[in-house]
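Each of the next two complexes has chain A plus one other chain: chain B in the first, chain C in the second.
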Partner chain A sequence: MTIEAIKTGLSIRDISKSSDEVNASIDTSIESQSGVDDNMTIEATKTGLSICEVSKSFGEVKALINTSLEIKPGEFFTLLGPSGCGKTTLMRIIAGLELADTGTVLLSGKDISRLPANKRHVNTVFQSYALFPHLTVFENVAFGLRSRKVHKDEINQRVTEALTMVDLTGMADRLPQQMSGGQQQRVALSRALVNQPEVLLLDEPMSALDAKLRTQVQVELKRLHQRLGQTFILVTHDQDEALVVSDRIAVMNHGEIIQHGTPKEVYERPTCRFVAEFLGAANLISGIRAGNGVETEFGALQVVKEIPWQKGTLAIRPERVSIHDNQPEVNGVKARILDVIYLGSNVELLLDRGFRVRTDTHRLFTQGEEIWLSFPPERLVVLND
Partner chain B sequence: MKRSHPLVTLIALGSMVFLYLPLISVAIYSVNDTRYGLVWHGFTLNWYVKLFHNEIILEAARNTLILAVSSTLVATVLGTALAFGMDRFPWSRRTNTFLDVVLHLPVVIPDIILAAALVVAFGLLRAVSSIFEPGIFIMILGHITFQIAFVALVVRSRLTSLGRDIEEAGRDLYASAFYQFRRVTLPLLMPGIIAGGMLAFTLSLDDFVISFFTSGPDSVTLPLFIYAAVRRGVTPEIHALSTLVVLATIILVVFAERLTRSNKA
Partner chain C sequence: MIRNRLTVWYGELVLRKQLARRGSAFLSPGILWLLALLVLPGLVLVVVSFTERGAYGQIEWLFSVDNYKRLIGFGMLGWSADNLAIIWRSIWVAFVTTLIAILLSYPISFFIVNRPPRQRFLWLTVLIVPFWTNMVIRAYAWFLILAPEMPLAKLAVYLGIHPANTPLYPSSFAVYLGMVSMFLPFVTLPLYSSIERMDWSLVEAAQDLYASRVRVFMQAIFPQTKPGLTAGVILTFVPAMGMFVVPDLLGGSKFMLVGNLIQQQFGSSRDWPFGAAISMGLVVLTMISLQIYRKKSKEIEPI
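Our next item is the complex of A and B:
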């Protein structure tokens, strides 16, 4: 194995949870992680952030269970999961606001697990923004620099730059409560970014904004990330947000990372029901293994992938189902249209048997009409459960 | 807003009159131009002038201020520290409940019980050092003991409403514990500390029971003086003095109330 491969690879410590559409370099790093050569592991984690087997409990509640994660430098990484799954806890452990019960956090190869928050070169945008209400916008942004006794002239220059970056020039002398929610959020963002942290943590920064502003901020955030090239870790429970902004996504549930990968991997190739359903609508078909295919209530379906079970579930995204007037050659199923929803550029069909299909064909659909669906074998995902 | 029944308004007004009538009549007599009797003889500030020429009263006023200022300063610092310890240390839930009770106890306990306890305690301490003889020093100690709880309660409620986020943001932004305290926590807590201090100050100013049990011959305070004087017969000077004490208290209470309220906004 080459060091090159490891360096570029997203090393995944927990093999069972990795996406099945992994490339060669991932496989290499899995080997290296599984422990033949420890030097290599260190090499692989020299830059970026690694979280190794971190657990955290609050009394009876297990907030994080043996979580491992590798985040490459400059990556826009998103933690996605339902409320209470441990996203904030993981963020706080990275920031040093909470100590892990077990496990280590490495930043640029150094163990920072026991460092207090003020000694970590990591900054957070809090969900509540947590701006200092008694300090002006300028002083809020300057806070981190003043704490570290940066020279006055440099503070002035860097704060001015940071405020310009988020379009807040001219508001430097206001107090936080004299600003709108969106503006406060940008103050919080520039207050963190002015310190040029190795990792920027964003805990649901968009949750207090209205839908329209949120989309706009997502785009701005993505652009900012591309310009700065810093590592961003975003927490969200909004799957669309995660898909739009991230380079990679980790889906969490009940204190565990269920799957991680690029938005495309996670969306198109979910490994289990939870991920398939959490990331937007999915058609789930249960069946029994029959040779290389699956026997379902709609007949035998061909799949491309190995089937790891006797009885299990297949998934397919609504936009991956194709529509035909006549019976297709493979994986055809006949269904009746119950409802037609126009979504502007495309159409969503709700069909009997619980199917949901999205298409951009210009064909006219009517309620009650019977059509043929086909599930392309390469699009049928074999879930693990 | 819902209109209340006229009877409710009437009862409310009645209790206000009941509450404030004695205070108002004292104030009226303090400017009545006669030494005896209840009949109005015209307006005068004579009694106030006399008041400020009475050495004994001035001495008592000085003692009262020394006592109130020094006990308040110490109690404010200690009470604030106590509030911090209670709110910011990760106590277990049971310890927390226990601490809560312990904190509220001095507030609800009758003054006379606390005073009696102090007499016993200082009696024992006197065996160690003569510094615990009745006098201004043990009066200050006595006042501190009941003031601390009040300060701690006010400061703690402010701390709780402040939440952790802002302090965590400070730590996240590289602030050392000291810098964080000076730059973030203390300024945000200041209104609460001042309000707690003022409350403690008025309590000391008006205190009779604790002072009565701990004072010595040279440490007569205004409440003690008024008590002694009233036993000899009520004079218009006493009315004037009482009016001034009430006014000072009202001003302080209103001010403290303002501060606590503006905090919450």
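Our next item is the complex of A and C:
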């Protein structure tokens, strides 16, 4: 499953990124698993983080099943998935707070699977922040540096820098409980970042913030990442957050990585039903293969991609359905509007047969009206399941 | 004007005056209780400590500071260090007892916390079962354990640190053993309740931030267990300073503590004024010790 996903993910990336870069990552993600050991593989695994076939069970619960991942240095990588799918578990295995049952974690080419947490150059921003309540903001941020016996002057300088970076100058002498949730979150962030870790892990750092602050922090985080160029791994179950901040996203469910790729890839080209539905809204159409097209309740639909099944599902995003005044040439469907939902910049039309269409507000739609739709073949995604 | 007198008390809008009246009403049973059972006897003790012993052991109401002079060693035969030695020994014994109890309590508490919830109750019960019997009986129980034919004494003989065919008591070792066993649960129980409620994510955060084992303990565990530890220290150190049963039975006449000295004055010597003066000294010393603990435990905190 995982290897499958990597392959599809990479074949699409081919188009958007320079071929050198893509070749390197293909080598790491596929050939490192098959044991091929050429120069490219070593080059690529030397930097960045690789997780190889990691499994973890808690009694009966399988929290992670044979998970493999390659994260490039400097990448903003997001683990996205519903509650209980194993995101935190994977994070804790990387940080060294949990021991994997099987599999290895490589950081810059070195096996760190058996290293204790305090020996790994990885830092975590905890979901609950876990700030030391008896230490001031300054001492909280200085904690990692003091553990590593960094010289006093350097500590002063780096902590002050780290606090400036997250806009907390002047709060250095406060105690954590004298700060708001958003401020505490920034203390936690700078406490981790001040150590300049090879990988920064962020476990749902925004979950305690309100919606407005959250978008603001997302943008700040993205900007910070661009400035520092460090590897960030973010855990979230908020798909909008994942799409906004990430270079790449891995979608998880039931302890497995279902698909990974750039936000665009996973959004536009979901490989399965779960990903299609988890990342935003999707219209699902089931059908039977008929030659190069699919026979569905809307008639024969043309698709661009190859169809791997006899009986299966197609998906299309609501905003990818086009609306016509007259019958379109390909994949045209007539539908009745059941409801019109005004969304400000868009309108969403609820159509019969459970279909949703999103369009801009240039035309007035009325309830009960019949309209022509078309599903552009290049927008129809063939799901694998 | 009105704003000044109105206040919000947990969501209720009340006058400050009302609140004060209510507060004193809630406090009064406690204050009365303290007054009747602690302050009054205490005051009596203070007064008595300045009086003199009569020829037949009665209290003569002649006020002087002679008892306190005697306490610090100025007797009829000139100055002697005996009393001060006893006081110093008491402080030392209480300190060592508390320290050993703390050192034992951490591993015990962590052990119990790491048991499944059902078993924890069982282990806690094991810890307090000895307290279902009387203190004197428990002290006598040590006689049996420390007898010459028991393994402990045999081991000591084997190691060459103890003569054969004599019990391990009376000795300072026996006193410490008795004291620690007497006070261990008073440290372990409050410490356990602190550790049970501990936020382990702080421990993980410290680990994540490269802390060594010592640093993890000092910065992530110790500050969280301090409330329980403080309760344990007070519950142990204060009574340990005044303990007389254990040193009396297991320490013999050469290992006297302040508790024994006081007991002697109120008992066989029938010198109540002097006994009262020693008690006052004990109270003052205990308070000083706890102040030192407070200061020290605060000092430990930063880094």
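Criterion: the second predicted complex is superposed on the first by the 344 of 385 C-alpha atoms of A that agree within 3 Å, B and C clash if a C-alpha of one lies under 4 Å from a C-alpha of the other, contacts with A are read in each partner's own complex, and residues count from 1 in each chain.
Rule of thumb we're sticking to: a contact is a pair of C-beta atoms (placed from the backbone, for glycine too) under 8 Å apart; a residue touches a chain by one contact, two chains touch by 3 or more.
Being a predicted model, the structure only gives us computed values, none of them experimental.
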item: Clash or fit (per the criteria above) of chain B with chain C on chain A; value: clash
item: Touched partner set for A:Gly229, first chain B, second chain C, both or neither; value: neither
item: Chain B versus chain C as contact partner of A:Arg148, first or second or both or neither; value: both
item: Contacts of A:Gly344 with chain B and chain C, given as first, second, both or neither; value: neither
item: Partner chain in contact with A:Phe126 - chain B first, chain C second, else both or neither; value: both
item: Partner chain in contact with A:Gly291 - chain B first, chain C second, else both or neither; value: neither
item: Chain B versus chain C as contact partner of A:Gly368, first or second or both or neither; value: neither
item: Which superposed partner A:Arg191 touches (first chain B, second chain C, both, neither); value: both
item: Footprint overlap on chain A, where chain B in one structure and chain C in the other make contact; value: 95-97, 116-119, 122-124, 126, 128, 130-134, 143-144, 146-148, 191-192, 195
item: Complex contact set, residues of chain C against chain A; value: 199, 201-202, 204-212, 215, 219-220, 223, 301-303
item: Chain C partner contacts - residues on chain A that touch it in the complex; value: 95-97, 116-119, 122-124, 126, 128, 130-135, 139, 143-144, 146-148, 191-192, 195
item: Footprint of chain B on chain A - complex, ascending; value: 95-97, 116-119, 122-124, 126, 128, 130-134, 143-144, 146-148, 191-192, 195
item: Interfacial residue positions of chain B with respect to chain A in the complex; value: 165-166, 168-176, 179-180, 183-184, 187-188
